[in-house]
Amino acid sequence: MADDDVRTGLTTVSVATLSAQLRQRGLNNVTVDGVYPAKPGARFAGRARTLRYLPHREDLFAERGGGFNAQKRAIESLGDGEVLVMEARGERGSGTIGDILAKRAEVLGAAAIVTDGGLRDAAVVAELGIPVFHGGAHPAVLGRRHVPWDIDVPVACGGAAVLPGDWLAGDDDGVLVIPPSLVREVLDAAIEQERQERFIAEQVAAGAGIEGLYPLGPTWRNRYDEWLTNN
Amino acid sequence: MADDDVRTGLTTVSVATLSAQLRQRGLNNVTVDGVYPAKPGARFAGRARTLRYLPHREDLFAERGGGFNAQKRAIESLGDGEVLVMEARGERGSGTIGDILAKRAEVLGAAAIVTDGGLRDAAVVAELGIPVFHGGAHPAVLGRRHVPWDIDVPVACGGAAVLPGDWLAGDDDGVLVIPPSLVREVLDAAIEQERQERFIAEQVAAGAGIEGLYPLGPTWRNRYDEWLTNN
Amino acid sequence: MADDDVRTGLTTVSVATLSAQLRQRGLNNVTVDGVYPAKPGARFAGRARTLRYLPHREDLFAERGGGFNAQKRAIESLGDGEVLVMEARGERGSGTIGDILAKRAEVLGAAAIVTDGGLRDAAVVAELGIPVFHGGAHPAVLGRRHVPWDIDVPVACGGAAVLPGDWLAGDDDGVLVIPPSLVREVLDAAIEQERQERFIAEQVAAGAGIEGLYPLGPTWRNRYDEWLTNN
Amino acid sequence: MADDDVRTGLTTVSVATLSAQLRQRGLNNVTVDGVYPAKPGARFAGRARTLRYLPHREDLFAERGGGFNAQKRAIESLGDGEVLVMEARGERGSGTIGDILAKRAEVLGAAAIVTDGGLRDAAVVAELGIPVFHGGAHPAVLGRRHVPWDIDVPVACGGAAVLPGDWLAGDDDGVLVIPPSLVREVLDAAIEQERQERFIAEQVAAGAGIEGLYPLGPTWRNRYDEWLTNN
Amino acid sequence: MADDDVRTGLTTVSVATLSAQLRQRGLNNVTVDGVYPAKPGARFAGRARTLRYLPHREDLFAERGGGFNAQKRAIESLGDGEVLVMEARGERGSGTIGDILAKRAEVLGAAAIVTDGGLRDAAVVAELGIPVFHGGAHPAVLGRRHVPWDIDVPVACGGAAVLPGDWLAGDDDGVLVIPPSLVREVLDAAIEQERQERFIAEQVAAGAGIEGLYPLGPTWRNRYDEWLTNN
Amino acid sequence: MADDDVRTGLTTVSVATLSAQLRQRGLNNVTVDGVYPAKPGARFAGRARTLRYLPHREDLFAERGGGFNAQKRAIESLGDGEVLVMEARGERGSGTIGDILAKRAEVLGAAAIVTDGGLRDAAVVAELGIPVFHGGAHPAVLGRRHVPWDIDVPVACGGAAVLPGDWLAGDDDGVLVIPPSLVREVLDAAIEQERQERFIAEQVAAGAGIEGLYPLGPTWRNRYDEWLTNN
């Protein structure tokens, strides 16, 4: 399965389902917490590129804050289907991305931007085509709280470790990190899980009780198998 | 007044008004704080059923986490007009309810689900008919942070004590606990308070100042009495 | 430039841009953090009037809580284009403004209400014409957490110092305080900055890279000057 | 009873006991929370003088931060037995008092300094004769987070409202605000409560159970009366 | 091994070591976080008895707050070597235990008191013989924030689930919950681990590097075996 | 001035004084906040070495958590006078250093360890010769919350950016980062500032008022100059 197929596949299942599959494989610490889509309903999948901010320090900002800094280089280097993940230490007292750079990322084909820091120009960004998951709107520029530092290094974002090349998926439930070595297996299992859950949801809507149905016990599994054959 | 009439009545007044009436009777610690409706604009009233989670502990989860656990038993036992209140200690690092169980609660006629923990499948749940008030969306399953433990015991939810059988009412301002012994008196007083406030709001919209009007002083009370007669 | 022109001008530029201009003049601590518009998309500008709450204390509330208290006097005294800024110490465990008083402020021509405390009657207030920026919905009345105390004194709101007469501007990115001595200069500069950013955004949408474009380097500045001439 | 006698009396009883007596009179919101003595074991009582800081804002600090500012005027104006209470909004990211000003307060006979902000020179201050209750040690000067603003105005400190002239008492359990109108009654009652608790503690140490003893039921009250006669 | 031997054994090893042994057996969520000994250096071990507080609610407090309430019954029922664990939801705005009840627990032979709420009479309690681990000193009585509710039910304390009968151990590093089924195995392994660490610490003090020494690699393990023979 | 002289010099002045001098040079964001010495009264100065932890992730921990991992390599590589600064994201739910590794650092001549994470074996570490500044005691091993990742990279610690080679100084007021390019100038100025403050403290102890004395105005400066001559 090529990356494009993985990416497409990941957007057909929910982050909640993918999270359950990772948990079944022993991975419980893979959620980027405290980030929200600028526009509710947004979803995405893609591979991580990373950008790391350090806490604002006046002397370091003087050296690294201006011009074509790490933030701008990170944006400019984005490629098709990539997700830019920013480490902002959960600090929301300034923006970490705004409308112009987000638009540039969109033009470059990036799949999403994820930051545990603030978002400037929130209303404009919400109308862009690229999903931006962030920690809260704030009008101040990056330099109020951060020094743009490094790109393509491991980062911590929303309490999760993210390495360049990791898969990410996001929807209204949040953002999930998926190790590349597991992504295909997890995706296949997620597709099957959602198939079962569609069957279960139909039964529940029709009045069935959940004991033995959710998760599927032996009796309901037979009926699921029939349903599968007929659908 | 039968329970059904109380329940209907409670949904005709705002939670803010009910809160003011409880305060007048000395009850200031009756708000479930930090919970939000999955779909803005939702409102509900009903009597509490309860579900208590303990903090995740690996050995206890092995005993009580799987199968037809307390969470599922709680859902399955819900009856018409009941509100399931979950104690999740304000921990939002996992879901405490998802789309399938919420749908089952809806089918059973439950009035609402209130949890101070997280919500999975937030986008789907927002489209259900049953209001779900929660502490934040999260993709992880319950077991990441909780062990489902007990049903129908007193709980703490969003900083409020809730006993099985307590009345609850919720709208965009939040969720309120109403002791059963006070519910009729509080409801009657709330209906009268809102009647006055409709009159006051009309006067304010027409340009009246608030001194002596809000709350009603002697002069304005006379005019309110007239207004009542005419309306 | 008269106050009315300033006020009109401030609503044509974004809070993010104004914030950047204040930062260029050495002002980094001028954002009211943690407040959100009752209705997304709201924006306003105006000069500050202030209202200060003290923490609830039973004896002080008995003296100052009832009747035509400081909160009501503050509302009643509002004039055209004024913004009422409330100091609630970031305490969100009660409302600090509700629908009737907000409506009165609207009738009096006030430009906005900003509180770092809670909002009662959130759904009704969201439908009013006056923008209300607040720290969160809560059904309880003011007295649960506050004693209304003083009007027209310097206040702290959302971490920012606000003096009576200061300018404020708000939109979805947040609320900003602008010292009166700087407001015209900052407004003019903001207008020019947004003009440049419209140009830049056009180029980015058309596929241009950001190096040398954002911010404008010498080459792109020439093209900007041409664009200005042609637009 | 003169102020000096009140002050002496207040230091013979514990803050916990005084708190219980205030609660019996309906006052539950009178504790300055989150402040700790620079030197454990410190205790004090005295009447409040106040100092209010605003959040740091560069233009306001330029006007009011330097020279013989409000902080220094507050210290310099302290008199015998007075307690300086500082409102620092619980912000601990800078000092709000240091060794030299604390020493000056001590020389002037002040009873204590209470701040919900930070403390500079913590090790030196711990060795002074004047108790300083604070929110945490921090090396930065005041101006990092605050503008010294006003003296002798009502303040919020550690979540409590404090008016100039209020009584304060502090020990390892924390700091308490006592309205002047209640101080004598509360002090007398506290002295009696501690007398009873000495009796109770003796009985508990000797093996008595607490039912009917704590609080005193009829049987134990008789024995307490005897004990009183004999002691 | 009788309970007494387990208890004695547990106090000879550190909580850090016991924690490491539990982790090796898959138990990572067994620490009571955010509690501190009233007197630094205190240590204890014993089996859990429990006490649960609900959030303060005026009507419930009227029913259950006074007289020989659940808190007092819990204390009075303590037996030799038992540890009373209180669920206070991490709420530190009131005491949950004070000097008289703590003394009563000591007289009854209890091993310790652990609460994630506040402590009254902190200075006196620090001088008692019974270790009290708590969330912070506070002068207010229990009723300010809590209703004493139940004894001998499962509780959440400091983020950990504690069942009646669970083992607990505490020292300056914190408090640990140990499931009874694992306690002997964990204790034996902890004793061996500390033996190794004494050897390792001796080598480090003598200048050895940690690679291959900590944890013991093959070479150093041989020398450890010799050391064991000689000690 | 050689590094050794700088280091010695820095321990003769307080962190508060050094902080004031950095502020005068425009550096306000140089404090490592929320860290405390294992043994009160500890002080140190030295140059930074760094260690970065990522959030715990099961697959990454499997790769990098065990054996001679980054944490152990960092400790083992410490040289005379160096300060190991750990980035733990302020996460205190596990230890990040314990007694054996701290002892190894001491033997190697390291000046201090600074971590914004937890400390294991707190009581033992407090008795070592090497100062350890940390965010709180916790019994769990590193792996509960962290993956040891990198050494000698820029880190964020307690909200401050720290680069390898930066100077650090710590005492009971906290920990400060000093850019190498400024250290000599700042140290000299700090020594002079403390000289003045000794004079001022003497005057205050003798009863002088602070106006014109602190900071030194013209009159008092003359007397300070005399005092300097005589001392």
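Per-chain residue numbering starts at 1, and chain names A, B, C, D, E and F are given in the order in which the chains are listed.
The definition used in the following text is that a contact is a pair of C-beta atoms (placed from the backbone, for glycine too) under 8 Å apart; a residue touches a chain by one contact, two chains touch by 3 or more.
Just so we're clear, the structure is a prediction, and the values are computed from it rather than from any experiment.
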Neighbours of chain F that also touch chain D are E
Select the chain at the greatest separation from chain E, using centres from the mean of Cα atoms. C
Look at both sides of the chain B and chain C contact and report whether the same residue positions are involved, with over half shared, or different ones. different
Between chain A and chain C, centroid-to-centroid distance (C-alpha), Å: 31
Distance-wise, how many Å sit between the C-alpha centres of chain C and chain D, to the nearest whole number? 37
Of all residues in chain A, which are in touch with two or more distinct other chains? 28
Taking all chains into account, which pairs touch? A-B, A-C, A-F, B-C, B-E, C-D, D-E, D-F, E-F
Touching residues (chain side chain D, partner chain C) in the complex: 26-30, 54-60, 89, 147, 149-150, 153-154, 156, 159-161, 163, 177, 179, 181-182
If we count contacts the way the header does, which residues on chain D are in touch with chain F in the complex? 68, 72, 75-76, 92-93, 95, 98-101, 103-104, 107, 120-123, 137-141, 143-144
Given the complex, residues on chain A that touch chain B span 14-16, 18-20, 23, 28, 31, 33, 40-41, 171-174, 176, 197, 200-201, 204-205, 207, 209-212, 214
